[in-house]
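Listed below are the structures to be examined.
Two complexes follow with chain A in common, the first pairing it with chain B and the second with chain C.
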Partner chain A sequence: MGIKRGVSLYSYQQEEWFGRMTWREELKEVATNLDGATGIEIISEATIPHFPFPGEEFYQEWNFEMARWGLEAVTMDVFPDPLMFRRDHVMNEREQAERLKMELRIAKKMGFKNLRVLGSEIKTVALALPLAEELDIRINQEIHFPSGIRRGKGQFGGKTMDILEYIEKTGTKHYGFHPDFGIFKKGPSPMYIEYYFRTAGEEHWKEKSADFIEHFNASTNEEELTKWVMDTYPNVFNDPMILEMEFKKASAQAEDLKLIAPYIYCCHGKFYQMTEIPGKPGEYEEVSLDYENPIRVLKEIGYEGYIDSEYEGQRNQQDRGLEFMADEIEEVRRHHKMMKRLIGE
Partner chain B sequence: MYDKHILSDAGARSVWENGKKYGYQFNLTINYYRGLPLCCVDQITMIIDGEQVPYEQMYVQHRGREYPYLDILKDDFPTDFYWLFGEYLTVVVKNGKGIEQGIHHCKLTLGTRRSYTPTMVSVCEKDVTFA
Partner chain C sequence: MYDSFLIRSDSLENFEENGKVAGFKFSVRIANYRGCFLGLHNGYYCEVDGVSYPREAQRLAVNGKPPRSFEELMKHAVLEHWDMQDEAFLYVYKEGGLEKGTHRVGILESILGAYGSSPRDEEYVKNPPDPSLGIGTGKTSVVCYYDLELQG
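Moving on to the complex of A and B:
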């Protein structure tokens, strides 16, 4: 068995947005061009036509196409949108749980085994758990940068340990985790840094970005580095949030996965840009994220679920003309070449 | 997200009824990676050739239905009419006279409310050809 490979159709969002690909063509791409990938993940509100009432015809078409290409419906991503009822009415837990139940029923009809949640509180999930158990769908908390694994009550992004406690206390088999590889940050992504320089109106953004990354990688003192950046490029990194996101090192270590090992049901293979490894034509890497160690640990703990590609580099290349936009199809193909190599298929 | 591309050239034109021009329309695509209910639209502001389109003249058409723009901002607007990812939302401006054919400089501001980030405002400024 071992680790399986899949794709979140989020990766092809730009193709879809511009009307160049539909979910049917995306399924075909995954089934035919990724050398053995079998998993599909979607965002309900991005893929399902006429959401939340797609109609029986869609469900039949979806299940037919999935069977046709031999694909497995792995995870459906949902959002609570607690502000949907306007600003003066933040949805309470019961209201959010009802929405979660609605999504569970849709997921069941499409054959999904997992629901991914991000902003839902434990109390909300608890209210939807009886239905999840009845339908046999797991609700998995995504662990997304800058949240981490080894964090608990009162700590920033620290829901993970609280959920672990809840799972172990109740013994539920339908609440778990969905780590996103974005938490295993190695350094800044050159593509992101170039975007910041470009959108700040800087000339020679490519060179300046390379200079930034060189300084970043050479620096051992965060304070000094921050001061250098603010002094050298005050127009570019004037937003504390950008600085925080770019300077923060990994929010989790690969070994941390062992803490939640029995409850990992799916992973996001987040990536921003796949580049050729110098001197190794046809082999690719994601320079800003650690993939080797997390995959090694997942193998050690006997993880047999999916890592779904979640390509997110397109958004920071949309400030230029159409001719400079990312090639999502190629990026995902490269990502699977890398995953295949690291998994050791 | 998709800021530079949210205002489409497709379908920008005057609209007619009973042989008379009564307004014009343009199409928007959502500034996000998924669909949102129409009630999560916080702002659509359009400036054409330096003049802001009055909100009370704006109507939003979605899947064969039409709503006054100001209605979708109200607290009791239904929460299950979804403006889906990649789908056009048509804004009709009922100004009683249409728009002159040709190129107009447009500045569109679109604000949408999301679940876990602050309301994101996208601005798209470009020349649009009205047919």
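Moving on to the complex of A and C:
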């Protein structure tokens, strides 16, 4: 046993959007080209045709294809869309729980063991828990950047700790966590920074991006860095949200995982770009995220669940022609080479 | 996302109603990674040759059905999904349609799907935000422009 590797089909969103791959080809890719990956994660409405009414044939075909390739249905990601009934009202708690229950029933038919929620409140999840227990599917709160794990100033883990208290108080085995590796940020992703410079219409965006990253990595003072950036590149980083996201350092530390260790049921191996490690042909790294320490900690705590690749670099390479777009298949393959190395398979 | 690909370049045409040219239409794709329930679709900021056309002048033809207004989608397409892979057509009413030649079309979608509740939800139910405000733009937050040759 040990940590298992899987893929969220979200990673292949661009291939799907352009009609070059369907979920069937994606399952085959995961099963045959990732050297032992066995897990599949989906976003329900992205993968299931005519969601939420795909017809029985879809479920049969899905289960057949999963069995054919020897794959395990790990996690289904769902969204609450509280404005679904906006024609007359905002969804109330009970309606949000009903939407969750609908997703649980669909997940069961597709063999999934986990549901990933992000914005759902504890009281909503609590209303859906009896059905989750009956179907034996866990509802897991994603811990997504800029959220964190610990409570306290500069820690961003308030909701995580509230859920932990709820789990420990009730003893439920069907509510847990789904940390996303995006919380273990090391620095800016060069690919992202290049995108900001490029779409702001800056010439020499590659050089300017490199200059930005050099300053970022050398800086120990967030305020000084922000001032330098605002003075030097006022047209590029004028969106407060970009500033907030790009200037925040990691929102959690690898060791924080120990706090929620028994309740981690799945992880997102978020990544933006895999690049070859200098001097090591065929070996890859994600320079903007810490993978080594979180994987070390997951091993220490005896985690035997999945890390599912969640590739998200494609959207910041779509501002130019098709020839400049990311190769999602290659990125995921590289990601699995890295995970395999770090897990020590 | 997909900024250069949201409208198919050979899709701009005039359309007729009751034997008269009533407006123009072009293809649209969703700018996100999951599709949406159509009741959440709040229309487009739509600009052609510098003139903007309000949501009330727009209809969406999707899922093989005739063009529907965004009001109708909100009321009656609560559980009808627009899948990520599917092309739709935006119909825009403009008496006489567009003239022959190339037109500069800009669009920005407003889809009110969400990860969770927002303090503005109640307000959006009472007064759906105008698509020009840039709310619900998915992963494309700027107006995307296309130079399209009128077909037919």
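Assume the second predicted complex is superposed on the first by the 337 of 345 C-alpha atoms of A that agree within 3 Å, B and C clash if a C-alpha of one lies under 4 Å from a C-alpha of the other, contacts with A are read in each partner's own complex, and residues count from 1 in each chain.
FYI, contacts are C-beta pairs under 8 Å (C-beta built on N, C-alpha and C of every residue); 3 or more make two chains touch, one makes a residue touch a chain.
Please read all numbers here as calculations on a predicted model, not as lab measurements.
After alignment on the shared chain A, the placement of chain B and chain C results in a clash. Looking at the shared chain after the overlay, A:F64 reaches neither chain B nor chain C.
In the superposition on chain A, A:D81 contacts both chain B and chain C. Contacts of A:P52 after superposition on the shared chain: both chain B and chain C are touched.
Contact with chain C, but none with chain B, is seen for A:V90 once the two complexes are overlaid on the shared chain.
Common to the chain B and chain C contact sets on chain A are residues 10, 13, 16-19, 43, 45-46, 49-53, 79-89, 118-119, 315, 318-319.
By the touch criterion stated above, chain C contacts chain A in their complex at residues 1-5, 29, 33-37, 39-40, 74-75, 78-79, 81, 83-85, 112-118, 121-122, 124-125, 128, 139. Residues 10, 13, 16-19, 43, 45-47, 49-53, 79-89, 118-119, 315, 318-319 of chain A are the ones touching chain B in the complex. Those residues of chain B whose C-beta lies close enough to touch chain A in the complex are 1-5, 29, 33-37, 39-40, 75, 79-80, 82, 84-86, 113-116.
Here chain A touches chain C in the complex through residues 10, 13, 16-19, 43, 45-46, 49-53, 79-90, 118-121, 315, 318-321, going by the rule given at the top.
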